[in-house]
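There are two complexes below, and they share subunit A, which is joined by subunit B in the first and by subunit C in the second.
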Partner chain A sequence: MRGVTVIGGGPSGLAAAVGLAEKGYDVAVVEVMGELGGMLTQCIHDGFGTKVFGEALSGPEFSERLVKKARSLGLKVFLNTYVKEVRAGEGFKEVVAVSPGGVQRLQTRAIVYAIGCRERNGFEIRLGGTRPAGVYTAGMVQRLVNLYGVLPGRRIVIMGGGDVGMIVARHLHLEGVESILMVFPEAGFAGLPRNVQQCVLDFGIPFRPRTVVKKVIGRERVEGVVLTRVDEKWNPVEGTEEFHACDTVVLALGLVPYTGELKLGVRMDPATRGPEVNEFFETSVEGVFAVGNLVQVFDYVDDAFETACIAARGVEKYLNGGLKTAPVRLSPGGNVRMLAPQRVEWVDDGDVPVFLRPAVEKANVRVVVRNREGRILGGFFKRYVRPSTLERIDVPRSMLSNLQEVSIDIAED
Partner chain B sequence: MQRIELLCTRCPRGCLLRVTVVESRVVVEGNECPVGEKHGAEEALNPRRIVSTTVRIIGARLPRLPVRTSEPVLKNRVRDVVAALKNIVVEAPVKAGQVILKNVVDTGVDVIAERDMERA
Partner chain C sequence: MFTLDYRVASVLKKYPYNISFRVRDNIVFLQGEVDSHMEWVEIGLSIGRVRGVEGVVNKIRWRGAPGNEAREEWRRRVFEEKRNTVVGEYDVVIIGGGVVGAALARELSKYELKAALLEKSTDIAAGTTKANNGMIHAGVEPSRGTLKRMLNVRGNAMYGKLAEELGFRFNRVGSLWLITPRTLASYRKYLPGPLYNLVLKHVLPWVVKIKGLVNGVRNIRIIRGRRIFELEPFATRDAVAAVYIPSTGVVDPYEVAVALAENAEANGVEIHLETEAVGFIKDGGAVKGVVTNKGVFLCRYVVNSAGLYADEVAALAGSEEYTIHPRKGVLLVFHRDTGVFTRHCLAEIILPQDPYTKGGGINPTVHGNVLWGPTAVEVPDKDDTSVTREEIEHVLSKYSGIVPGFPRDRLIRYFAGVRAATFTEDFVIRPAKWVRNLLHVAGIQSPGLAASPAIAEYAVEKLREMGLGLKPKTGFNPRRRPMPTAAGMSLEELEGKIRMDPAWGRIVCTCEFVSEAEIVEAVRRGARTLDAVKRRTRAGMGECQGGFCTLEIALILSRETGVPLNMLLKEEGRLFNGHVRSEQP
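Right, the complex of A and B next:
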């Protein structure tokens, strides 16, 4: 029987697989696409790896470092292989996968899920109008442009002002489309300032805040969109509808954990929309771990990578009979939208890294850990927090001893 | 006198910097910390960017090879760099880091491959 099966060959899956193989475990990686690297393969811009490697790499450069390591360690890799079924019982785990070589039944002692996130689609925001050709998700556009050199159209409307939308806007601009207009319901861009400056402002790409696409117009191909202004609550402002001609609509509506492909009943967190995990990123099923953007959508691949390294240590503890105690539950308090891990339960002496998404934009704040009665157990100073930037705190384990639950909030002054 | 406005990219706060350059004197306003002041001055006097794009590749599994400048180039040369790569065609195999175009548009910077691309 194999030691560990990793599902997903993107940066998080590879980080977990390499971490475990380096310690001598027998690891297999199952990847649905034709090559390893995941989404990084199409992220040809630079800025990846500043925390992990201490330099700004492009996506392909980042993933190639991991792929080379995986090769040198002799990992078993199944490409073009789709996981059809996962079984996890007492002391028995099996991943059933369809590969070009036939159906593989991979019996394994532990499983690491690293299947990432998916893009939100037009149905989720009830995008109105017709369904002509020319409506793409941003990730698909990035793939077409960067892998195949195909422009999706000439006159582009991008819905969404997050990081993915901005990065795709820059690609399209540099590759020579005629016009781009970005629209989003927020008052400002939802992504990192770095991208606002270097993707949008650097090139003078037009954008309209507090604006949404009400409907798509076109029979065979997109002919335009009806734009409408929205108020602070994102409700349409009457009388502001306006036709805008274009041939392509790009949906950059945000990312959510790709839980639809889990094939296993694990407990979910409605806030992160991913599986609930403990401090070593183990799901509610023993010996089944979840890492990277499947758990919570990270802003930096470096942080997703880090969760995989933590999980690799967890898998090792699991395989070597590590002990658990009664769990301490972590829940988001005031001004915190979501956090992971959601529980702490292993016997260990290391600090517990907690990743949390602020719900507010504020300077000089304290991220505070409280017990059930609201008493402050500890605080972590942050110079500036905003929803577009995930924060990390390292909670000393001693702070959590003998508790059943704590909440973590961003304290009001 | 030159006046520019830009967002500081050094932390999540993203201060709106207003930078004034009079002869060789640089004044940065709107920054909340010294890092922002340094960043604003750099962006006014010597703004540089890494340029990433793709070039055509023959004989590989994919039709495009991702490339980038090996060092940041002056911001106002970004478009020229992309234009210079429009008609470049390379042949697989290519190794990551391999020079695709030397001293692109006289910037003194090379354009390199971002990844290996085997012959298919």
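Right, the complex of A and C next:
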């Protein structure tokens, strides 16, 4: 019986696989695309790996390091292989996968899901108008341009002021499209400050905050969009509608865990929109782990990578009969939009890393852990928090002992 | 007795406009000017309802009406260019490749004759046919004396055999019309106290049932109490009674049209895509040839099944007998996993009924998705398939009472289709009044999909009456090999397929489990565009709506058709229309 099956050959899946192989486990990686590396293969901009490798790499460079490592460790890799079913029973797990080589049934002792996230599309934000050619998600555009050398259009409107939107804007600008306009409903860019400077301001790319696309116009191909201003609550301001001619709309509307492909009835967290996990990223099904952007969308690949390393340790504990105690539930409190892990249950000595997403921007705050009665158990000072940056705290395990539930909030220092 | 002229004049008197009219062979031509598009519609409809009127040609102008000059100019130019280039000679030319044109083509392919189906778009079913809820109505709704009534019940009955022969999915799910306290809320004041419930529970169901029986719909049952929720566990507990109509079915409308066209083609009918009629070569009172952007199709008979454009085609041919007033319907698509919430075509009866929404409600599909809608909005533009946020909210609130626990957040897509309604609001299937060899098959709105097999038979009968000789073809093969799908196979079957062709094992659309082999097969069967592939394979119809697979499909399409990536079409527009790196922008 194979030791561990990792589903997904992107950075998180590879990190988990490499981590486990280094511990001496027999690991198989199942990847649906024709090559390893996941979304990194199309991310030719730099900035990856500052935490993991201590240098800013491009996506392909980052993934190549992992792939090389994986190859040197002799991981079994199944490419072009799609996981159709997963069965998990008492002491029994099977992954049924389809590939051009046939239908494979991989018996395995543990499973690590690392299938990442998907892009939100126009339907999810109720984008109005027609549905002609010329509306794409940002990731599709990136792939089209970087891997196949084809530009999606000439006059571009980008919806969304997050990191993905900014990076794709710079990219299309450098590729020489005729015009770009970025619009987003927030008062300012939602992404990392370095991207605002390096992607948008440095190139003088026009942008309009507090503006959304109300509808797309065009029958065969996009002919333009109707823009409208919005107020602080993102409600359209009447009388501000304006036609803007373009032939392309790029949707950079954010990412959500790609849970549609989870083939097991694992418990989900409505806030992260990913599976609920414990401190070693094990889902509600024993021996089935979930890592990376599938759990919650991370801003840095380095953090996603980190979850995979933690999960690798968890898989080891699971396979060696590690013990669990009654779970301590972690729930988001004030100014915390979502967090993971959602429960702590293993017998272990190490601190518990908790990743959390602030709801609003604030300076000089404390991330506070409280018990059910609201008593403060501990706090972590943060110079500055903002929704665009995921925060991490390492909670000492002793702080959680003998509790059933704690909440974590962000309070003024 | 009053003449038709008198009746029309007395209706027009009600409107504060100076509208002139003339009547020729029971067709009313209206001229004048009004303020709004809605008034244009209203006047047309009120004339259409006048007894004895067989068609309304509404030439009234409304303020802000879009002109059609560019299109007309294009037609004139192409006509002059192509009038001397002959493509071929045919017994019958069908203009319009929607489900009706395709059904007609297949019906004609049973006989020894040469026929051609012309479709202006890049695929069959690319107009109204692709954008409806796929319902095969039982036939309870149509009123007495309409063609709709006659052909709906008949068409519905034909679907079982047709599905079996052509290998398309057809589920006779049945419909359940719920009667709730909201049903007669407008009449509450006339029905005091317990009378209201009595009428709801015991009178109204019978009224509906009898209407259905008179129309020829069989096995209608009235059910009350727990029985309703045994049939439909998630239906609103407000339902006091329900009318159950078991013969209602659902299909995938483009699958039906594509199957009909494929079978017609296999039996010898020529299918010409991207072929648009721009004019006619006439000789006396008859059409000699249909001029298109591809050249002239010489013909003995012409069928006008051009859907939304049937009025323009009729005018070009010289027998303008009706005007199409486009009526948009918005539909919401929910994720496949919501199928458990809806087993039947569900509707809540609300009276008085909006005369222009029929069949609106919550419908299962053959794929497990659930559709909500459609709406019915008169629009000035035949191509207006836009959907606004307000329309989405409207549909969500209008139908949420039917299945209160429905996971409305599983909405994955929305779209709109445009119905090709005439002002007489019935199918128009008859020989043209002023052209000897032209058959109109127009005004096909709901329940047109359900009726389409019967429409085809009826239309061919009309052609026979017009003098077309019909000799059955000995080699006619009624069967079509269905599109094989990985999603529909067991693992063992799939394994066998992969052994024959590894492309079966490469899953391109992970949301809907579609393999590369299916995309190749769709291309082999004639799909040339991304949307044509999507309609045949469902690739891109799942949760991510093509975010992951669009590019993969495009690459396969490009490889299989030899069309470069940047020249591929989505439907009619370029999928990617930017420059190619290293080439001059």
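We adopt the following convention: the second predicted complex is superposed on the first by the 411 of 413 C-alpha atoms of A that agree within 3 Å, B and C clash if a C-alpha of one lies under 4 Å from a C-alpha of the other, contacts with A are read in each partner's own complex, and residues count from 1 in each chain.
The definition used in the following text is that a residue touches a chain if its C-beta (ideal position, glycine included) is under 8 Å from a C-beta of that chain, and two chains touch if they have at least 3 such contacts.
Being a predicted model, the structure only gives us computed values, none of them experimental.
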Ask   = So, A:Glu175: does it touch subunit B (first), subunit C (second), both, or neither?
value = both
Request  = Please determine whether it is subunit B or subunit C that touches the greater number of subunit A residues.
outcome  = C
Inquiry  = Once chain A of both complexes is superposed, is A:Glu64 in touch with subunit B (first), subunit C (second), both, or neither?
reply    = first
Inquiry  = Once chain A of both complexes is superposed, is A:Ile376 in touch with subunit B (first), subunit C (second), both, or neither?
reply    = neither
Ask   = Of the partners subunit B and subunit C, which touch A:Gly149 in the superposed model: first, second, both, neither?
value = both
Ask   = If you stack the two complexes on chain A, which partner ends up touching A:Ala245: first (subunit B), second (subunit C), both, or neither?
value = neither
Query = In the superposed arrangement, which partner chain does A:Gly102 touch: subunit B (first), subunit C (second), both, or neither?
reply = second
Task = Once the structures are superposed on A, label A:Asp46 by its partner contacts, choosing first (subunit B), second (subunit C), both or neither.
result = first
Query = Touching A:Ala56 in the superposition: subunit B (first), subunit C (second), both, neither?
reply = first
Key: First (subunit B), second (subunit C), both or neither touched by A:Ala187   = neither
Note = Shared subunit A footprint, subunit B vs subunit C, residue numbers 145, 148-149, 175
Key: subunit C residues touching subunit A - in the complex, by the definition given at the top   = 383, 385-389, 392, 411-415, 486, 491, 494-495, 498-499, 502-507, 510-511, 513, 515, 542-548, 550-551, 555, 565-566, 569-582, 585
Ask   = For the complex, which residues does subunit A have touching subunit B?
value = 34-35, 41, 44-46, 56, 58-61, 64, 145-149, 174-175, 192-194, 196-198, 201-202, 363, 383-386, 388-389
Key: Of all residues in subunit A, those that touch subunit C in their complex   = 32, 80, 82, 84, 96, 98-103, 118-119, 121, 123, 126, 128-134, 136-137, 139-140, 143-145, 148-154, 175-177, 214-215, 218-221, 247-248, 258, 260-261
Inquiry  = Can you tell me which positions in subunit B touch subunit A when the two form their complex?
reply    = 6-9, 11-14, 32, 49-50, 52-54, 56, 61-64, 66, 68, 75, 78-79, 82, 96, 114-116
